[in-house]
Amino acid sequence: MADHILVVRGVRRVFGGVEALKGVDLDVVRGSVTGIIGPNGSGKTTLFQVISGMDRGATGSVMLDGREILGCRPYFVYQCGLARTFQLSRVFPQLTVLENLIVAARRHDRGARSRALELLERVKLEAYNEVLGSDLSYGQQRLVEFLRVLMSDPSVILLDEPAAGVNPTLRATLWDMVRHLNGLGTTFVIIEHNMDVISDLCQEVYVLSEGEVIARGSRRSVATNSCSRRISGSGAAHERFAA
Amino acid sequence: MSRFKALLSMFVVCVAAQTLSVALADSKEFVVGASVALSGKYARTGQEQLHGFQMWVDDVNARGGVLGRKMRLVHYDDESKPEVGAKLYEKLITQDKVDLLIGPYSSAVTMAASTVAEKHNFPMVSSGASSAKIWERGYKNTFGLYTLAEVYMDPILEFAKNNGLKTVALIYENTAFPRSVAAGVRTKATALGMKVVFDEEYGKASTDFSSMILKMKAIKPDMVIGGSYLPDSTAFMRQARENRLYAKIFAFAVGPGLPDFGKNLGADANGVMGNTQWEPELKIPGAGEFSKKYKAKYGHEPGYHAGGGYGAGQVLEAAVTRALSVDRDKVRKALYELDIVTTFGRFKVDGTGKQIGKPAYAVEWINGEREIILPKDAATHDPVFPFQDWSKR
Amino acid sequence: MLSKHASLASAAVLVVILAVAPAVLGEYYLSFLTQLLMMVALAQAWNTISGMTGYVSFGHATFFGMGSYAAALLLPLGVPWWACLIAGALVALALSVPLGFLTLRLRGPYFAIAMLGLNEVARVFVTLWVDLTGGGSGITLSPELLPSLTTSYYTMFLIAVAATVIVAAIYHSRFGLELRAIREDEGAAEMVGVNTTRDKLAAFVLSALIPGAAGAVLVMYTSYIDPAAAFAPAVNIQMIVMVMFGGSGTVWGPVLGAGLVMGLREVFWAEFPAAHLMLLGVLLLSVVLFLPGGLMALFTRRKLVRPEVAAGPQERPDG
Amino acid sequence: MALFEPTILLQLLIAGLLTGSLYALLASGLNLVFGVMRVINIAHAEFMLLGAYLAWVLYVYANVHPLLSLFIVVPAVFGIGWVLERTLIEHVVGRPLLTSLLATYGVSIIMVNAGLLVFASDFKSVPQLQGAIVIGELAISKPRLVAGVLAVILTFAVYLFLEITRLGKAVRAVAEHPHVATICGIDVQRIRMLTFALAVAMAAAAGVMLTMIYSFSPDTGADFIQKCFAIIIIGGMGNFLGAFYGGVLLGVVEAFVGGFGTTQWAEAVAYLLLVLVLLIRPTGLKGMADVK
């Protein structure tokens, strides 16, 4: 039995009359990189919202390291060691890059500043310390957002389409960071609708469609699974799966 | 940065100009200080009051001044706010170093201003406050000019009693002055053996009396008395007509005493009684002459606020003449001793500075004119009684 | 930002000037300064909640009025004036906790208008509770109970300094950083571990304390209070205008704004008695349109540190 | 108690409905502007007073009946609104809430004090269309009846304009999604000018009718705007019809609270209702969340 750090059971979320999540199960192995793919509207982001506590209207169970976090407020979930990024970058526009990072550190972390400087140096953004978040390019914003969640040394990081809108150089930097951190034991869950992007990274992939997990397994097994064919009717998605 | 400098220099220049103008003032004149409500809720009345002050200053100076010295008026806008009033009296006394003080308009601002005057032991003739509470604080320097709010409605209540009316519906705004009027009505009605069958307060913002009127209709009071100002008394009468509320007497504080009451209501004003501190038609020496001059100068009939402004000046003039100086202690002593009749009426105060000499006058709108009906010796017209029912108009 | 030294030096100079002011100035100027310092305190209080967290309150006069009434009711009972002052602050504090829980769930215009509504509810409540408050007749305090003008002045001075120190301390602290993060993006702040509910409530409570104390001092200065003056919507607006004039979310903005607006008012009002408020309106419009960061933006020259753009330095309004 | 008689209940209901529809006319304009531009126009009630003063001037100097002057005043204020939006309000659209609040507050201060300079603070009123229609025990105020009915007609005319016409649909499109509207070829700035002008013209129409009902002075606006705020929260911010329902609801509740309680409580009712709505349903009766 593998060691699961994040276990999602029967998560159900209804908006008005629409069931966005119809009882999703998820088992994330400690130290793994897990992918979640699916077309737009399949409920990927809603799932992240529920897990991270941003959306507290769901039923079911989300266990982080054996502790129920469903219904907990996001700051608490974060303090429990689960961090996330957003689909569209949400850096604090009128805070400097450095402040953006420091605010995400744990409250009594005295080494926050040096840690932030170190992280910025690693991605070669050290020259931007005092720049306002709003003055960064979009790719840089995504990177800063990613660095931000590293400030608290989380054990699980959820990334919501991290590569979207990022130029290839920055994307490479991003993936290097993910690999590096994963090597150090951090668990990642990554949402993508482009399979290619994460195929090298993920040990396991879940396919979400219309609020249900319709397939799970290794990248290869998912790609050949008949279920995933069924959902990949839309042109672009089909191409990607076929690749 | 340059913008900031520009603003700063503007500020400095203005302050300098102001200081200079004070320094250059003629030291051979007496300076009278007052704060006037030129903006805010009392601006209308404040403006008239100011005209009254100014006319008095002009008249005094035309006569050659007091004790051989000219008068000069220094006034500021207190925005009808107590805290601004307090600050201004501080300014008048300590910075402008005025020789004489006239009080502000409204009981609320006077409450704050009189504390400042008291602190400096500076006698102040209050020309626009009538709430008895002002004189219940043991102050020695506040001299009332107006008939007290508490006795405003006395002549009308006595008249009602004599005509056999028994029940009173009382409504009033929830601020200092109207509440004082209401308190006076309750006391007087009880003393006369009349019964207050309806007693309700309303907020300043309230201009909708429909619900109140419907409740009154169910009770059918003999008379309706309002502790009110102009807008609320106007609104009430209008809605009384719309809802067919009938009583034998409708009487309101302030509102019917002003020309605008008739302008805003048209024929519906007829038969409504009110009270006034003063009317141009009053048989008081100088009143007619004053109103003629006032009308020539400002283009409209003076209301009682203007008369009060002028009267306050005359009281100060008399006090200074009696004291033979503007020394504060002497002026205060003179004010306590004075018993004179100004254009505004009799001035005589008791040991607390409260006005006791001036009677309350009642007016009634008759055929589109505001007539004095009570007391009898001052009346310009007999009271028209009872109020004519709406359906018969 | 202003350099730290310049900032501290100007603070020191200002404090010394204000501390010796009573010895030099006449009572009128003292009176004026007392009201100016009150506005500084109120502006800083508003700055604490609205400037820092972006929760625009239109109802902080609620706390101001409650403080006034607490003092006005206690003073005649023989309670010393300084204890009334503390009582004013405590009443505001006690009130702010439930009100904060109630209103801080709301965002943007909802919060702003809810606060305005609470201010009205408080006013009506005080007006209707005639037995305790005297209703619309207000409360008059006899002069022998009141502290001297100099005492009021120094008390107001201390409150203003305390308010400014609180804002400065918050601004440079981790707590302040969290508050600014909330202002920028509350959801994202929550998602990086900021307990937004606790932070907002803490800021709200701090921002209520100061008006409570200032209200208590004001009533001792005017000797008279009624519901209309205690819960005046104009007070709400004044706090906001002064902060915006100076620069919202900054330490010195409210001080500068209060000083300038009160000063200009004084001048306008002497020079253009009929139109002074209109001129103030024009001034307000100009600041809003042409200087959105407030006057502090004039002092703030943020060096352009974005490496790939090699253009010369440019001014940036600093919220 | 005599209050429970059906005639009195009916009378209260009618009084409430009539006052309420005037509130509704005023508040729905305010809400339209908020919906389309995300600007809370603090000066909204000052435009009502502008309408009232124009009607008063026309009555006093040219003896024009207020109902006739509607045809002059409303287009005039529409024009003023159009110009003001173009020159001023346009610059604060899209800026933080506080910026637009302060800008419109500046406009409000200027308008109130200009009003004081021109008209002084006398309370004005136009004694036309006075009295009541009496049906048995019922007495219905003539000016209120006319104002109430006209208010309902005007509000629904604007509502139909928004629902049916192409231009109206464009306005709604801008309210829902200004960015998408731009892409679809809608001249967003023009729509904003139209919206603002339309809203202040509605306020002015309310003002014209006000002259026959209340006495007003340049600073009467404060009471109305605060009630409007309460109404749009109760009805749901940005929702045109929500404000209409909110206004009517407030009028009726005020009348009944005034009837069974006191008028002072009636005054507080707007704010108590507001707090209550925010507690139970923070987006109001018909909040934005529902619209989308």
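For clarity, chains are labelled A, B, C and D in written order, and residue numbers in each chain start from 1.
Keep in mind that, in the parts below, a contact is a pair of C-beta atoms (placed from the backbone, for glycine too) under 8 Å apart; a residue touches a chain by one contact, two chains touch by 3 or more.
Because the structure is a prediction, the values reported are computed rather than measured.
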item	value
Mutual neighbours - chains that touch chain C and chain D alike	B
Per-chain Cα centre nearest the global Cα centre, belonging to chain	C
Far-end chain from chain B, centres as C-alpha averages	A
Of A-C and B-C, pair with higher C-beta contact tally	B-C
Euclidean distance of C-alpha centroids - chain A vs chain B, Å	73
Centre-of-Cα separation between chain D and chain A, whole angstrom	48
Separation of mean Cα positions, chain C and chain B [Å, integer]	35
Whole-Å separation of chain centres (CA-atom averages), chain A against chain C	42
Where chain C touches two or more other chains, by residue	124, 127, 274, 277
Multi-chain contact sites of chain D, meaning residues that touch two or more partners	113, 116, 264, 267
Numbers and ranges of chain A residues touching at least 2 other chains	none
Touch relationships between chains, expressed as pairs	A-C, B-C, B-D, C-D
Partner chain C, residues of chain D touching it in the complex	34, 40, 88, 91-92, 95-99, 101-103, 105-110, 112-114, 116-117, 222, 226, 229-230, 232-233, 237, 264-265, 267-268, 270-272, 274-275, 278-279, 282-283
Parts of chain A lying in touch with chain C, wherever the complex brings them together	52, 54, 73-76, 78-79, 83-84, 86, 90-95, 99, 102-104, 106-107, 127-131, 133, 135, 148-149, 151-152
Sites on chain D touched by chain B in the complex	1-3, 8, 11-12, 15, 19, 113, 116, 120-125, 127, 130-132, 134, 139-144, 213-217, 219, 223, 254-259, 262-264, 266-267
Of all residues in chain C, those that touch chain B in their complex	26-32, 35, 124, 127, 135-138, 140, 142-143, 146, 149, 218, 221-224, 226-229, 232, 260, 263-264, 267, 269-271, 273-274, 276-277, 291, 295, 298-299
Residue ranges of chain B touching chain C (in the complex, touch as defined)	1, 3-4, 7, 10-11, 14-15, 17-18, 38-39, 76-77, 81-83, 86-87, 90-91, 93-95, 108, 111-112, 115, 118-119, 131, 133, 137-139, 173-176, 178-180, 201, 203-204
